[in-house]
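What follows is a pair of complexes built around chain A, which joins chain B in one and chain C in the other.
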Partner chain A sequence: MTNNKSLPQYLTLIPSSVMIGIFFMIPFALILAASVAVQTPEGDFNYGFDLAHFERFLTWFYIERALFSAGICALIAALSLLIAFPFTYMLTRFNERAKTLWLIYILAQLSLSEVLIAFSWQVLFSRTAGIGNILEFVGIVEKSFAMAPSAGAVIAALVYLAVPFAILLLYPALSRMDRSLIEAARTLGTSTIGTFFKIVIPVNRSALVSSSVTIFVLTLGAIIVPQVLGKPEHWTLSVLITDQAIFNFNLPFASALAVVLLILSGSVVAAVMKFGGEK
Partner chain B sequence: MKTQLNRRSFLGTAAAATALLSAPSIARADKASIKVGTYGGFFEDSFKDVIYPDFTAATGIEVNSIAVPTGETWLVQIKNAARAKQAPTDVSLMAGIPRQRGIEQKLFKTLDPAKIPNLSNLSDNFKDYDADGNLVAVGAVSWYITLCSNTDEIAEAPTSWADMWDPKNEDLLGLLALSTNSYLLEITATTFFGGTDILDTKEGIEKVFEKLSEIRPNVRLWYRDEGAFQQALQDGEIPMGQYYHDVAGLAAAEGFPVRSTFPKEGGVLDSGFWIVPEHAEPIDEAHEFINYISDPEIQASLSRNLGTAPVVDPSLTDLTADELAAVASNGAPILPRYDIYKEHADWISDKWNQMLGG
Partner chain C sequence: MKLLRNAYLAIFAIYLIGPIFVITAVSFNAKKFLAFPPRGFSFRWYAEIFVDSGWFNSLISSLLIALTSATLAVLIALPIAYAVWKSGLRYAKALFSLGVAPFILPPVIMALAFLLLFSSIGMNGLMINVIIAHAMFLLALPLVTISLGLESVDRALLEAAQTMGADGKTVFRTVILPIAAPFAFAGFAFCFVLSLNEYIIALMTVGFTVETLPIKIFNALRYGYTPVIASIAVVFLLINVFVFSLIARFSNLSRILGAMD
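What follows is the complex of A and B.
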């Protein structure tokens, strides 16, 4: 690469680098600095180097919370893809008009905030105004019952939140897929379902992996759904971070937990990319 | 609370921006004004409807009302603003534990008692001083956390906090999700250990935690969002729990099947104090405002309209016995032990989280 070629390239990189620097690296550096800050007796903190906040994390309670958060988010990523992948595959085969309408509808779903989703599902899952009443009316259950707070409620709401993202992430890969592969498989006598599992899924493996990682990281940051629809044992690390930062006024510990969450999601992303992403 | 506040502050910002954009040429009237922060929701609405117009009429000082969060969030915002030498409000309500922390961190201005003649109406526990003995916070309103229930679902009103532990109430309680706003340690200590003195030591606090953890199977919702619980209480979805006496009373007055009961061990008496952030500018106006609210007549008006208990001696007010009973109880209240949350902050928060998570 010669100099006169790379200079304009560097120049074009400057605006985005500055943006990333300001809006990502500086806040991140502040979180790192706060996570090792020294707590003062009056409840304030001074920047310094103290690993006490990470030591505090190293109890089974917080480790268990971290593992639970990773586990539930992995489950949500799996469920979302289970719903989104077959749907997106069918969507790519619709006619143009139907495709556009569906995509607009799915894009519109993204405008719903987590808060709105959490409180709507709280109503849906309530004993007095929720789905339970429909089940009672139809005669499936004898008496309406409350479905939240529960693990199922947290998972349902987060899957609902994640599915539109999953569809939009899978759509480009699935719509670009070479149809002749499917035709070849069909001509050679593979069933429709067989083709789906033997051709469509393997061909789109990298899209599946990157979508699942995105959903995993996205749901790891959810705070409203777990606290509104979950019992305390379903509160994720993100909920505890919020409590520490906002209610307990302990920014260093909140930052330390955030760093742990970042390491956790970073290592999951790295592992999945390394072992799952290659063709 | 959180969502409501976000919406509020957004609307506020939007309104302010619109006003600014639409009237750039109108010079600011040279009229004194202060920004007063009160808790968003019923509190702010009532202050805006009942108190501020009369205050402006009496003193000529305009009030810009600002909805502020309860609890530590607000101190964090004041502190962040202070780092930029700003004050988000000129005078505002502040709760117990963050008030102690804010005083220690010198985030509030010292107040001049001579400019607040009505201070003499307040008992000493509604005046807060810094380490040097300067006045920094003055009681504004106090309120009770009581045992509230839905009258359609719970026929007999509960009589004791101990009813929350009763196995027949399995999975139907709503309790506040944090040790520092639920005061469940104080409630448990008073109900089962004869008072909050047991909380003086860590061993004592552990014993109280042990008893408190037995309540878990009865709890449906550990709520952070007051609105979410109030809705559930009114609907009968979560028919019993700890809640604010004043807000429950207002809901009942609006016709919702809600009752607030003072348990025989007493309600939890919490309070909000006025503080003036370090960098606030209209100091005289802030003193005048604090003095105005400390007037027995205004305190009585707050009791009638907001359902708060007066911070002045009730005998100075013209509240009738019935009116007083609606906002307070004759029995001794359970007083929050703000000191333990300051002293053992991390330890209690970890124990609390572990207790909730089982």
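What follows is the complex of A and C.
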């Protein structure tokens, strides 16, 4: 590639470079700068170097929030993969038409605003229009009751949010899987369920690992479900960042929490990839 | 065994579709409060979206933002994906990775980043802010789909066109464009749908001046719910289904989802 040949190529990249530079790299750098900014007495802030916001994070309240966030997201990742894996396996063996229709529906549900998913589950857990109502109708409980806000409600809705992603993350690996392995195992007399656990799961181990990390990071980003279906003790880091930025106007502290969130998701991704890469 | 499989599939389908089914039923309620099973049947909560100026303005803003930001994202992505495919420039590859990054980060981080940027340059609450922010956040989607489209162009076709005397522009127009365009459309459609449904970035860029539908729904949730939200959920789901059906029809869905080479 000679210089005079690639020059026009570079020229066509200028507008895109400018956009990415101004609207991704600069804002991203601003978060890092704001997280160590100096707070002024009037509640504003000047860029400088002050670790006060990170010191504020290092109190039990916020550390507990970070651990809670990591724990609940790990749980959601495990549950959603558990629910989605057998279905995705079956989905890859549906006929083309059924497959396409299911994929369209799953994509549609996956794209549905978190606000609307939270609303749906709020209705499902309500006293007048929800599961409690159905239980009362069937006669299992005497009087319908509200099931939210509670930790269970947050977990149920987050899993519901994560399952479509889990399906789409597992789908490529499962559709490309070498079917002859399964046939071989079946010919050698392994049962269907035995084949599933001895062949299908081990063969797709790396897809499972990378999907679990992706779902973990994705769930860390959930903002509305913990607010709508949980009590303040169920709030995750993302909710606290929003709360600090929008309702307390404390941008430096919100930025410091954002840096913590970045480090948390980054280190989990790195750790699981290293651990998951070993055979 | 077959029974077990069907039972699992049935439970899974109920789990996935059940909540949507309940919301759909609630949206046809005739009464002002939410009830399931619904009391009476009416379309009044669907009419409300268009009659109530608050909901209608939100719908129009959301559609406008989604269309323009999806267009912008495709325009930014096209030259990058093309340069990566055409010449494999290292600079273009670096831009590609940077363009994908915002989508991988938790959205609240990008939201906060845009809030810091726009407030420090004094551009507060303009609609263009959320258009740019959504385009940057969703840039990964057209980048990936357009690259997939370009990779599916058979190099032999290009050589054939060149040997028959087609110049660069003609090759682009007659060979590359027809093959890659459906994938660019898919990228556009993905952006459109996700922008329409996005909440936190819209809140932090224009939350106090423009009420997009997700923001308005969230605000409404805090003051007690109304069946209008249920009807909007149904409308949004239908829009999503429609857009993804278009992708399935005119583009290559299983290829985009990574199921085949």
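Here, the second predicted complex is superposed on the first by the 252 of 279 C-alpha atoms of A that agree within 3 Å, B and C clash if a C-alpha of one lies under 4 Å from a C-alpha of the other, contacts with A are read in each partner's own complex, and residues count from 1 in each chain.
Here, a residue touches a chain if its C-beta (ideal position, glycine included) is under 8 Å from a C-beta of that chain, and two chains touch if they have at least 3 such contacts.
Everything quoted here is computed from the prediction, not taken from an experiment.
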Q) With both structures lined up on chain A, is it a clash or a fit for chain B and chain C? A) clash
**Q.** Which partner reaches more residues of chain A (counting touched residues only), chain B or chain C
**A.** C
Q: Classify the contacts of A:246 with the two partner chains as first (chain B alone), second (chain C alone), both, or neither.
A: both
Q: Determine, under the contact definition given at the top, whether A:7 touches first (chain B), second (chain C), both, or neither.
A: neither
Q) What is the contact status of A:26 with respect to chain B (first) and chain C (second): first, second, both, or neither? A) second
Q.
Once chain A of both complexes is superposed, is A:228 in touch with chain B (first), chain C (second), both, or neither?
A. both
**Q.** Touched partner set for A:184, first chain B, second chain C, both or neither
**A.** neither
Q | chain B versus chain C as contact partner of A:82, first or second or both or neither | A | neither
Q) First (chain B), second (chain C), both or neither: which does A:271 touch? A) neither
**Q.** Touched partner set for A:119, first chain B, second chain C, both or neither
**A.** both
Q: Once the structures are lined up on chain A, find the stretch of chain B hitting chain C; candidates are 5-13, 113-121, 131-139 or 185-193.
A: 5-13
Q: Name the residues of chain A shared by its contacts with chain B and its contacts with chain C.
A: 115, 119, 122, 126, 128-129, 228, 245-246, 251
Q: Give every residue of chain A touching chain C within the complex, in rising order.
A: 1, 6, 9-10, 12-13, 15-17, 19-20, 23-28, 30-31, 34, 83, 86-87, 90, 92, 99-100, 103-109, 111-124, 126, 128-130, 133-134, 160, 163-164, 168, 171-172, 175-176, 192, 217, 220-221, 223-224, 228, 238, 241-242, 245-246, 251, 254-255, 258, 261-262, 265
Q: Under the touch definition given earlier, write down the residues of chain B that touch chain A in their complex.
A: 3, 71-73, 75-76, 98, 101, 104-105, 177-178, 180-181, 220-222, 224-225, 228, 232, 235-237, 342, 345-346, 349-350, 353-354, 356-358
Q | chain B-facing residues of chain A, complex | A | 42-44, 56, 59, 61, 65, 115, 119, 122, 126-129, 146, 149, 227-228, 231-233, 235, 240, 243-251, 253
Q. What does chain C use to touch chain A in their complex?
A. 1, 5, 8-9, 12, 15-17, 19-20, 22-23, 26, 33-36, 75-77, 79-80, 82-83, 86-87, 89, 91-92, 95, 98-99, 101-102, 104-117, 119-120, 132-133, 135-136, 139, 193-194, 196-200, 203-204, 207, 213-214, 217-218, 221, 225, 229-230, 232-233, 236-237, 240-241, 244-245, 248, 253-254, 257-260
